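When the chains are written out, they are named A, B, C and D in that same order, and each has its own residue count from 1.
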Amino acid sequence: MQNHKKFNIAIVGASGFTGSELARLLSLHPAVKINHITSESHEGKKFSDLHPQFLGILDQTLESSKVIKNSDLDIIFLALPHGISMDFVKTLSEQKARIIDLSGDFRLESPEVYEAWYQKQHIFPEGFKNAVYGLPELHAEKIKKSRLIANPGCYPTASILSLAPLTALDMIETDSVVIDAKSGLTGAGVKASPTTHFSNVNENFKAYGIGTHRHTVEIEEQLGLLSNKPTLVQFTPHLLPVDRGILATAYAKPKGEMDQNKLEKIYEDFYADKPFVRIRKTAPGIKDVRGSHYCDIFPFWDERTNRIISISAIDNLLKGAASQAVHNMNLMLGLEEQTGLEQIPLRP
Amino acid sequence: MQNHKKFNIAIVGASGFTGSELARLLSLHPAVKINHITSESHEGKKFSDLHPQFLGILDQTLESSKVIKNSDLDIIFLALPHGISMDFVKTLSEQKARIIDLSGDFRLESPEVYEAWYQKQHIFPEGFKNAVYGLPELHAEKIKKSRLIANPGCYPTASILSLAPLTALDMIETDSVVIDAKSGLTGAGVKASPTTHFSNVNENFKAYGIGTHRHTVEIEEQLGLLSNKPTLVQFTPHLLPVDRGILATAYAKPKGEMDQNKLEKIYEDFYADKPFVRIRKTAPGIKDVRGSHYCDIFPFWDERTNRIISISAIDNLLKGAASQAVHNMNLMLGLEEQTGLEQIPLRP
Amino acid sequence: MQNHKKFNIAIVGASGFTGSELARLLSLHPAVKINHITSESHEGKKFSDLHPQFLGILDQTLESSKVIKNSDLDIIFLALPHGISMDFVKTLSEQKARIIDLSGDFRLESPEVYEAWYQKQHIFPEGFKNAVYGLPELHAEKIKKSRLIANPGCYPTASILSLAPLTALDMIETDSVVIDAKSGLTGAGVKASPTTHFSNVNENFKAYGIGTHRHTVEIEEQLGLLSNKPTLVQFTPHLLPVDRGILATAYAKPKGEMDQNKLEKIYEDFYADKPFVRIRKTAPGIKDVRGSHYCDIFPFWDERTNRIISISAIDNLLKGAASQAVHNMNLMLGLEEQTGLEQIPLRP
Amino acid sequence: MQNHKKFNIAIVGASGFTGSELARLLSLHPAVKINHITSESHEGKKFSDLHPQFLGILDQTLESSKVIKNSDLDIIFLALPHGISMDFVKTLSEQKARIIDLSGDFRLESPEVYEAWYQKQHIFPEGFKNAVYGLPELHAEKIKKSRLIANPGCYPTASILSLAPLTALDMIETDSVVIDAKSGLTGAGVKASPTTHFSNVNENFKAYGIGTHRHTVEIEEQLGLLSNKPTLVQFTPHLLPVDRGILATAYAKPKGEMDQNKLEKIYEDFYADKPFVRIRKTAPGIKDVRGSHYCDIFPFWDERTNRIISISAIDNLLKGAASQAVHNMNLMLGLEEQTGLEQIPLRP
C-alpha cells in the first residue's frame, strides 16, 4: 500500500470529538492523506493546540472550510452539528469529492420526517434522494457507489445491529420492541454546559429524551426497511458516567417458536461475513469494545417469559461515528474494508 | 426524645456495607442505643478499624454474635448474607427481641419459591409464616406488629414502588412489564472478586443475571399481591460504575385509556401521605437521592406508543437496605416514621 | 433547643456548590432559621428548581439580594465569587447582621497583598482591619467576637492544619515546605467550561496554577503568623477526577532532632481539644472524610531522609467551605461548636 | 516488512494487565509472531477467555510455560510477579532466546540492594551482572546488545525521565528532590483485594508506601548513575481513581542560576532525538498520553521560590511497562525503534 498514490481527504470540523477521532484514525490510515482539517472558530491554530494529545503527531494548521471548495479531494468528512452540515452538503454537492456526513441531516427517509423530529427546516431536500445510510453491515453495496453517505447515529448503530437479524426475518412482534440504551458522556458533545459538567455526570445516571429522542425514528426506519413493515420502537436513552461506550438492551417478543440455539444461529448466520460484529455467548461490557470498531452482541431468549433480550455494545465515537465513517470510506474507495480499523479494544 | 429511655439494638454483621450504613444511621438516631455490633471474623477489633471513616465516632469493640443470645434487646438487625441469616433467625426466634433481617431469606412467599430461585435449602420454613415484607409504603400496618421483618431487596424496592400505583389499580397489562435496572457497585457487596475489581467496573457497564436474577420473583410476588393477579416481569439488572444508586426504568402497556395528567394523579394520590416518595415532573438521577432515604419517581406516558415508562431512583444502600430497615424499626417501635432519616441527598 | 427562639440567617448566592451545601447544613441546624436565600440570576425560582435534590425539602423561593439590606438577621453568609463579595461586605458593613464571607476577598493581610495575587483592585480596603480568618482550630477566640469572618480557602484549610503544629513550635525549615495538593472537581465551581467538562476531568489528572495559585499566599501568611517568621511555600494544586475531597501531601525538613513518636505527640497535643481534627496512624483517603466536617491528618517522619510528610484530608465543600462557615457561626452565636455538624463521613 | 521472516516471541504470564497489553501490541506488530502465550493457572483456555476484548482477535490457546524451554524463540517476555520471575530468568539463561523481564527482579544494582528493599532472598544473583536497565532514552546502546533486559518500573520511568536532563548535568541539589507521584489503579495489578475493590478506589484518593516504596531506590540508582553522585529521593506514591496513567510531580532546588528558557533548552536538547518524549509548554494530563508510548514532560522554574517543578505523564501500562518492553525489543532486534508503537493517545 505504501507505494501507491494516496487518496486525498479533508476533515471539516475539527473541534469536536468525532473530528478528533477521525484525525486519529485517518492519520494512521495507510491509503489516505489528510489534505485539510478545517475549523472556522480555530482557523490558524494547530490541530494539536485544540487536541493536545496530538502534539508532535498532527500539528497541521487548521484552515477555513473555504479551502475545500475547489480542492482536488476524493473524500470529504463532515464532522459538524446537524443543521449546519446540510449547508455544506448543498454547497459541495456539485464537486468531484464524495461526502461522508457524520451529522443527522440526511439519515432519514424524507425531509418531512426530518422536520418533524428535528424541528428544523431542511434547506437541501434534494439530498435525500442520493444519500445512502452508511451502515456497512446492511448497505455495503449501495455505500460503494454512493456520493453522499449519511453516517448513522451512535444509538441507531447499536440498536439496529442488535435487532437486524430478527427483523430481516420478520421474527419479532413489531409493537413489542423496547430499547433501553445507555451512552457515555461523549455522546453529548464537546460543548461545555450543565449537561456535560463533571459534577452532574460523575456518580450520576439518568434518562433523557424520553419518548422524543431523534434516534428513535432512525431506528424505526431502518428496522422497518428490513422487515418491510412499520416498526414502533420504545427507545429510552440514558447518560452513563463514562467517556465512551453505548450499551443497548433491546427487548422483543418473538413471532412463533424460539429457543436459544435457534436464536444464536440466526445471529451468527446474519453476521457470518461481517468482520466487525462479534456474537457473544455472554453479555458484553462497553469496555470490551472501547477504542475499537467492534459491535458485540449477545442474543438471549428467556424461556420463562418467551422474550428475546439482545444486548449490544459499541464505542459511540468509533463504530458509532468515526470508525464507521472510515469503514464507509474504505468501501467507497474500493479498499479492503478492515484497512486502518485494526485497533484492538483498549482494556482496562 | 433525648430524655427518654432509649431502645436497645444490636447490629449483627459489621463488615459489609449495610452493616456500616446501619451503624451510621443508628449512631445518630435519637431514640436508640447500639448495644452490640458483632462480627465473627473481626471479633475484638474496633468498628473503626474496619470502617476508618468512623474513627473517633464509633470505636466500639466488635463482639461475637454469641453475646446477643441472651441480651435484653428491643431490635436486632441482621446484616448478613442470605443462607446465613436464616440460621440466626431460627436461633433468635424465641427471644424477646424483634428481628429485622436485611438478607433475602424471608422475603418470598414460601420456602418452595425460595429454594427454586436461591437454589438452596431453607432451614427455617416456619419463619415464612410470620415474616412481613418490610416495604413501609405498602405494608406499614403489618410492619408495626411484626416480630420478623424481611427487609426488601434494593432492586425490588425501586421496582415495586415504581409500578405499585398502577398494579394496585390493575391498570397495566401484566405480561407487558419490562424493568431495565441499573445499580451502583456497592450492590455487589464488600467482597473482593473480579466482579468488584476497579478495572472491571470503572468506565465499564454491563448486564448480568439476565433472566435469572432472584429479585425478579420478589418483584413479581409483591406486584401480584397488589393486583391480585400473577404478574410476569422481565427484569434485567446492569452494573453502573458508581458507588451508590439504583435507577429502574420500567415499561408497561396500560389497560384502557391513559394520559399524562391521569398518570401523574394516580401516582400522587397513591403516595400522598408517604413522606419519602417524591413524584417528579422530570426524570430523576441517582445523585438526586444519594445518601438519603428518598425514592424519586417520574411516571411518563408516551402517547405515540401508548406505553408507560416509570423511572425510579433510590440509594441502594439506604432506601434499598439500611434506611429502609431503620424506617421499619421506627414503625415497630411506635416512633415517628421520619425519625433519624432526615438526611438530605448529598449532591454533588 | 427546638423550643428556643431561632437565630435568623440568610444565604446570599444560591446557585453554587457552597450555597447549596450551606442550605443543606443550615436547614437541618437546630438553632437557626433560613430567612432568605438569594440569587440575582434565578430570582423567583424555587431553590429546589436549581438543586433538584432538595425537592420537597427546601422549596423556598429565591429572592433578590435587595431583601437582606434591611432585614433583621443575625448572620449573613456570602456564597459569592471573589471580587463580587467585597461589594456586599461594603454595603452590609453598617448593618446589625454579622457576616461570614466564603470568598477570598478578606482572607489576606492587606489590600496590597490581595491586589498582587488576585490582580484586581479591592474596593473595600477598610474591611481588612476587622476581618478575622475563620479557621476555628487556630482563631476561635477572635472568631467569637468577630463581625466579619473571612472563611478560609479549601486548600489552605487542609494545608495549614497539616503543618500548624510544627510551625507553631517553629520546628521546620521555613524554606523547605512543599505542599502537593489534589482537589476534587467541585473546587472548580459550578460554571460550565472546558475545565469542568466531564471528558476533560474523568480518567484524567493534571496540575494547574503552578507557582501562581492564590491559595499559596494564604497558606504562607497563616503559617507565618504561627511561627512569627516569613514562610515560603511551594504549593502545587492538581485536579482529581472525583466530586469532593482535598488531599494535601506536605513535605518539610525538621529543625533539630525528630522521631515518629515525638511527631505524633506534637500533633495530638496541638489538636487535643479540637473535635474535628483526627490524627491518624495511617494515611487517610478523601473518602474517609467525605460529607463530613473532619480534617484527618497523618504525620510521618521518614528516618532515611529526615523529612516530615504530613498528609491531610478534608471535604473541600464542607471543612473547606460550608461546614467551616457553620462552625464559625456556631462560635459567633455562642452555640456548642459541634451543633449541626455531626455528619458521619459518607463511605462508600 | 510483511514479506520478511518474522521474529518468534513468547509471552510468559498471560493473566495480568501487562501480559494483556503485550499481547495487544505484539499481535499488531509487523515484525513478530507470537508463538506462545503461557499461563500455569489458565492452561488450556483461550487467551480471549481471560481477556474478552480479544474475542476473534487472539483466541490462541494458553500453554504451560514448559513449552518455551526448548522453543526456537528470539525474545521471551516475562510478565510475572517479582520473586517468581527470577526463577524463569535463571532457568532460561542458557537458552538462545533473549529475555525482557517486566518484573522488578533485576532492576537494581545488586542482589544486596534487592534484598534490602524487596525483603526477599534473590535466587539468581549472577543475573545482575548481565541485566541492562531497559530505559531506551538512557541506555539504548546497551539495550541493543543485551540478553537480559530489566524493564523499568512504571513510577521510575516517569520519575527518571522527568529529572534526567538535570541530573545528567549535575544541576540540582541532590538532597532536595521530592517526587510526589500518582498512579491509576492498574498499577496495583489484576488481583482482587480490598486495595483494588471499586468502592475503595472510586471517588477516593490516598497515599501509600510512604517512605518505603521499592521504586524509590530504583529512581535513586538511575539518577545517581547519571550524576555520578548518590541521590536521595523523597518518593510518595498515591492511588488515583482512574484505570491508567502516572503523573509525577518532581520538585528540586537548582544548583546555580536558573531561568525558564534555560530550563526548557536543557530538556529539549537532552531529548532532541528521542521520539517518545514530548517537552510541553504547559502541564500535561495523564489523558494526553493514555494508550500511547509517550512520556510528556513540563519543566517549570518558579522564580519566586527558586525551585524547579518537573511534571511528567505516562501510561503506566505502556511506557511504564508493555510498550517500553516492545521498545526494548525493537532495539534488541535491530528494528526501527518506533515499529509497532505508533498508537496515538486515546482521548477522550
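Definition applied: a residue touches a chain if its C-beta (ideal position, glycine included) is under 8 Å from a C-beta of that chain, and two chains touch if they have at least 3 such contacts.
What you see is a predicted model; the values in this text were computed from it and never measured.
Asker: For the pairs B-D and A-D, output the one whose chains share more C-beta pairs in contact.
Answerer: A-D
Asker: Using C-alpha centres only, name the chain that sits farthest from chain A.
Answerer: C
Asker: Go ahead and note the Å separation of the Cα centroids belonging to chain C and chain D.
Answerer: So the centroids are 40 Å from each other.
Asker: State, to the nearest whole Å, the distance from the C-alpha centre of chain A to the C-alpha centre of chain D.
Answerer: 36
Asker: Round to the nearest whole Å and give the separation of the Cα centres of chain B and chain D.
Answerer: Taking the average C-alpha coordinate of chain B and of chain D, the gap between them is 46 Å.
Asker: Can you list every residue of chain B that touches 2 or more other chains, as numbers and ranges?
Answerer: 17, 186, 199, 202-203, 241-244, 284, 287, 290, 348, in rising order.
Asker: How about chain B: which of its residues touch chain C in the complex?
Answerer: Residues 17, 20, 24, 27-28, 51-58, 186, 203, 243-244, 278, 280, 282, 284, 287-292, 296, 317, 342, 344-348.
Asker: Using the touch rule from the top, collect the residues of chain A that touch chain B in their complex.
Answerer: 175, 178, 180, 182, 199-200, 202-208, 210-211, 232, 234, 236, 238, 240-245, 247, 249, 251, 283-287, 290, 300, 302-305, 307, 309, 311, 313, 348
Asker: Spell out the part of chain C that touches chain A in their complex, as residue ranges.
Answerer: Contacts found on chain C: 17, 185-186, 190, 192-194, 196-199, 201-203, 241-243.
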